[in-house]
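Shared chain: chain A. Partners: chain B in the first complex, chain C in the second.
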Partner chain A sequence: MPDTQTAARLIAQEEAAIVSEWLRLQEVDGGLGSGRVSSAELRVQCERFLSLLRRGLAEGAEAVQDPAFTELRDVLRELSRSRAIQGFTPTETATFIFALKEAMFRTLQQDADAAWALTRLLDGFGLYTFEAYQRAREEVIARQQREISELSTPVVKLWDGVLALPLIGTLDSERTQVVMENLLQNIVDLNAEIAIIDITGVPTVDTLVAQHLLKTIAAARLMGADCIISGIRPQIAQTMVHLGVDLNVVTKASLADAFALALRRVGQSVGRAAPVARPGA
Partner chain B sequence: MSGGDLREIRSSDDVVRVRQEVRARAQALGFSLVDQTKIVTAASELARNALDYGGGGTVRLTELRNGGRSGLRLEFEDQGPGIADVEQALRDGFTTGRGLGLGLGGARRLSNEFELVSQPGRGTRVTITRWK
Partner chain C sequence: MNRIPILRLGQALLVTIQVDMHDELALALEEDLTQKIWATGARGVLIDISALEVVDSFIGRMLHAIASVSRVLDAETVVVGMRPAVAITLVELGLELPGIRTALDVERGMALLRRRDDAEAEGDVERR
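This part shows the complex of A and B:
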C-alpha cells in the first residue's frame, strides 16, 4: 500500500481525536483566544480540511498541486484570505497547518514512511498558506493605494470659472499624472479661467515636485487657464529659494489670499452684508 | 567612515522613507522647522540622484554631537557611472537626465557642509551635514 494511503487509513481511524487535539493546539498557539474566529467555526474548518486531506491521500495524491487537492487548496486559500483581512499575523495563520502536524504526530508514529509523506505534504500546505495570506494582503494594499490616489486628488469648484486643487501627500510621477488629468478635464468641463493649486498638504517640495508643478501649470495654461499656487509655508519658501526653483507663476501664502485674487481677476468681489437671521434662530 | 545607520535606496518608495526618517531625526535633535525642511529637501534630492543616476545606493545617517552643537550627517553612496565633471554637475540648470538640473547645487546650498567625491566608473559619494 502506498504511503499516502497508509496515512489516510491511519487518519481515518482516529479522525475525531486528531481534530480535538488540533483544536486544542490552535487555541494555545494560533491567537484564537481573541474571538475573531469562533470555536464552532474553527471546528467546522478543521473537520472539513481533515476530511478533504484524507480523501486526497486515499486517492494517492502526494503533492500540494495534485488535482485531488483542488478543493482543499480552495478551502485553504479562502481561509488564509479571510484571516489576512481579519488581521491575523502570518504565524497565526500558518499555525492552522503546523498545529495539525503536531496533532497527527502520535497517530502517524506507527508508520514512518507515511509520517514522512504527510509531513512533506503539510509543509507544502503551510507554504501555500503563507502565499495565499501574502497575496490577500497585497490585494488590500493595492486597493488602498488606488483609493488614496483617487481620494487625494479632488478638484473643487470655488466660483464660476475658479477651481481649486488641494494637493495632499507625496507628489510622485504617478500621482502627478492623475492630478494633471483631473485638473485639465475639470478646466474643460467647468470652463475655468483660474486654477488654484494648494500645496499646504505637501510635506516636501523638492525639485521633482517643482518640476511636476511646472508641467501641470504649463498644461493648464495651454488649456487657457491661469494657475495660482497657494499654501506656500515659510520654510518651503526658504527652501525653494535655496534650491533655485522659480515657478514663474503667482503664489500666495494661503488659499484665502489666492481666492481673493482669483475673484478680482474674474471681475467679482465679495462684500460685507447684513447678517441674515437663520430660520428658527 | 563607520557608525550611523545604513539605509538602502532601491526604489522611489525608499526615497520617501529616507525623507521621513531624516525628518524624524531632525525633529528629535531639536532642529527648527526651517532647518528640518532644508535637510529633508536636500536628502530628497540626493536620494533621488543616487536612485536615478547611480542605479540605487545607500545612505548612512549619523547624529553628531560636538560640544554644545548637534547635527545630522548624511552620506549618500552609489556604485553608478560617477560624475566626470563635478563643477559642471553642480552648475544650476545642468542635467544629463530630464530633471531641472537644480538638485545637486540645491542640496549644497541647503547644507552647512557638503562634500562630493566621484570618479567615472567608480560611483559617487555625497556627504552633507546640517548643524542645529
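This part shows the complex of A and C:
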C-alpha cells in the first residue's frame, strides 16, 4: 500500500481528534485570540481542509500540484487571501498549515514512511499558503496605488472654459502620464480654453518633473488650450532657477492670480457687488 | 487618387481631414493648399484634424511645412480639434509645432483668424 494511502487511512481513524488538537494549537499562536476569525468558522475550515486532504491522499496524490488536490488548493488560496485582507501576519496565516503537522504527528508515528510523505506534502502546502498570502497583499498594494493615482489628479472646472488641475504629491513618469491624459481629455470634454496647473502641493520640482510639466503644456497647446502654472513655492522657484529649468510659460504666484488672468483671457471680469445675506444669518 | 477637399470660407480656407492620412495624400494636400492660397488670396488656413486618430512624424512635419508655406503667402495656419492622444504622440515625437496656432474647434479657430485680421486693420489705420 503506498505511503499516501496509509496516511489517509490513519487520518480517517482519528479525524475528530486531529481537528480538535489542530484547533487547540492554532489558538496558541494562530491569531485566533484577536477575534478576526471565530472558532466555529475556523473549525469548519479545518474540517473541510482535512477531509479534502484525506480524499487527495486516498487517491494517491503525492505533490501539491497534483490534480487530486485542485479543490484543496482553491480552498487554501481563498483562505490565505481572506487572511491577508483581514490583516493577519504571515506567521499567523502559515500556522494554519504548520499546526496540522504537529497535530497529526502522534497519529502518524505508527508509520514512519507515511509520516514523511505527509510532512513533505504539508510543507509544500505551507509554501503555497505563503505564496497566495503574498499575492493577495500585492494585489492590495497595486489597487491602492491605482486609487492614489486616480484620486490625486482631479480636474476641476472653475468657469466656462477654465479648468484647474491641483497637483498633489510627487510627480513621476507614470503619474504624469495619468495627469496628462486626464487633463487633455477634460479639455476636450469641457471645451476649455485655459487650464491652470497648480503645483502648490508638489513637494519638489526637479528637471524631470519640469520636463513632464512642459510636455503636458505643449500637448495642451497643440489642442488649442493655454496653460498657466500657479503655486510655485519660493524654494522651488529657487531650485528651478539654480537647475537651469526654464518653464517658458505664464506663471502666477497663486491660484487666485492665475484664475483672474484666465478670466480676463476668456473675456470675463469679477467686480464688487453688495454682499448678500446668508440664509439664516 | 483621393484628394482632400479644400473649402473656401470668406477670407479663410477650411481643410477637414476625415480619412487616414498617408504620405502621398499629405504631399498632395500641401501642393493643393499652396495653389489655392495663391489663387484665392486667402488670409487664413484652418486645418480640422478632429477626426485624425493616428499621426506619425511625417504628418507632423507636413503640418509644419504647410504652416511655413502659408506664412510666406501671408496666410496664417490654425490647426483645430487635435485629439489628446494625437497631441501626446506629437509631443513625445518632439514635434511641438512651434509657429502654428491651435484652437479647440473650428469656431474658435475662425474667431482667432478674425481677431488677427481686425488687429491688422487697426494697425493699417494707425499707420495712415
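As a working rule, the second predicted complex is superposed on the first by the 277 of 281 C-alpha atoms of A that agree within 3 Å, B and C clash if a C-alpha of one lies under 4 Å from a C-alpha of the other, contacts with A are read in each partner's own complex, and residues count from 1 in each chain.
In the analysis below, a residue touches a chain if its C-beta (ideal position, glycine included) is under 8 Å from a C-beta of that chain, and two chains touch if they have at least 3 such contacts.
Everything numeric here is computed off the predicted structure, so don't read it as measured data.
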Checklist entry - Looking at the overlay, does A:P234 come into contact with chain B only (first), chain C only (second), both, or neither? => result first
Checklist entry - If you stack the two complexes on chain A, which partner ends up touching A:T204: first (chain B), second (chain C), both, or neither? => result first
Next on the checklist: Quick one: is A:V249 in contact with chain B, with chain C, with both, or with neither? Answer first, second, both or neither.
Outcome noted: neither
Next on the checklist: Quick check on the superposed pair: does A:D172 touch chain B, chain C, both, or neither? Answer first, second, both or neither.
Outcome noted: first
Checklist entry - Which partner does A:A68 contact after superposing on A: first (chain B), second (chain C), both, neither? => result neither
Checklist entry - Can A:L190 be said to touch chain B (first), chain C (second), both, or neither? => result neither
Item to check | chain A-facing residues of chain B, complex | outcome: 12, 16, 19, 23, 33-34, 36-38, 40-41, 44-45, 48, 92, 99-100, 102-103, 105-106, 109-110
Checklist outcome for this item: Per the touch rule above, chain A residues touching chain B in the complex are 170, 172, 203-208, 210-211, 214, 234-236, 238-239, 242-245
Item to check | chain C residues touching chain A - in the complex, by the definition given at the top | outcome: 79-84, 86-88, 90-92, 96-97, 102-105, 108-109
Checklist entry - Inside the complex, what are the residues of chain A that reach chain C? => result 180-181, 184-185, 187-188, 191-193, 215, 218-225
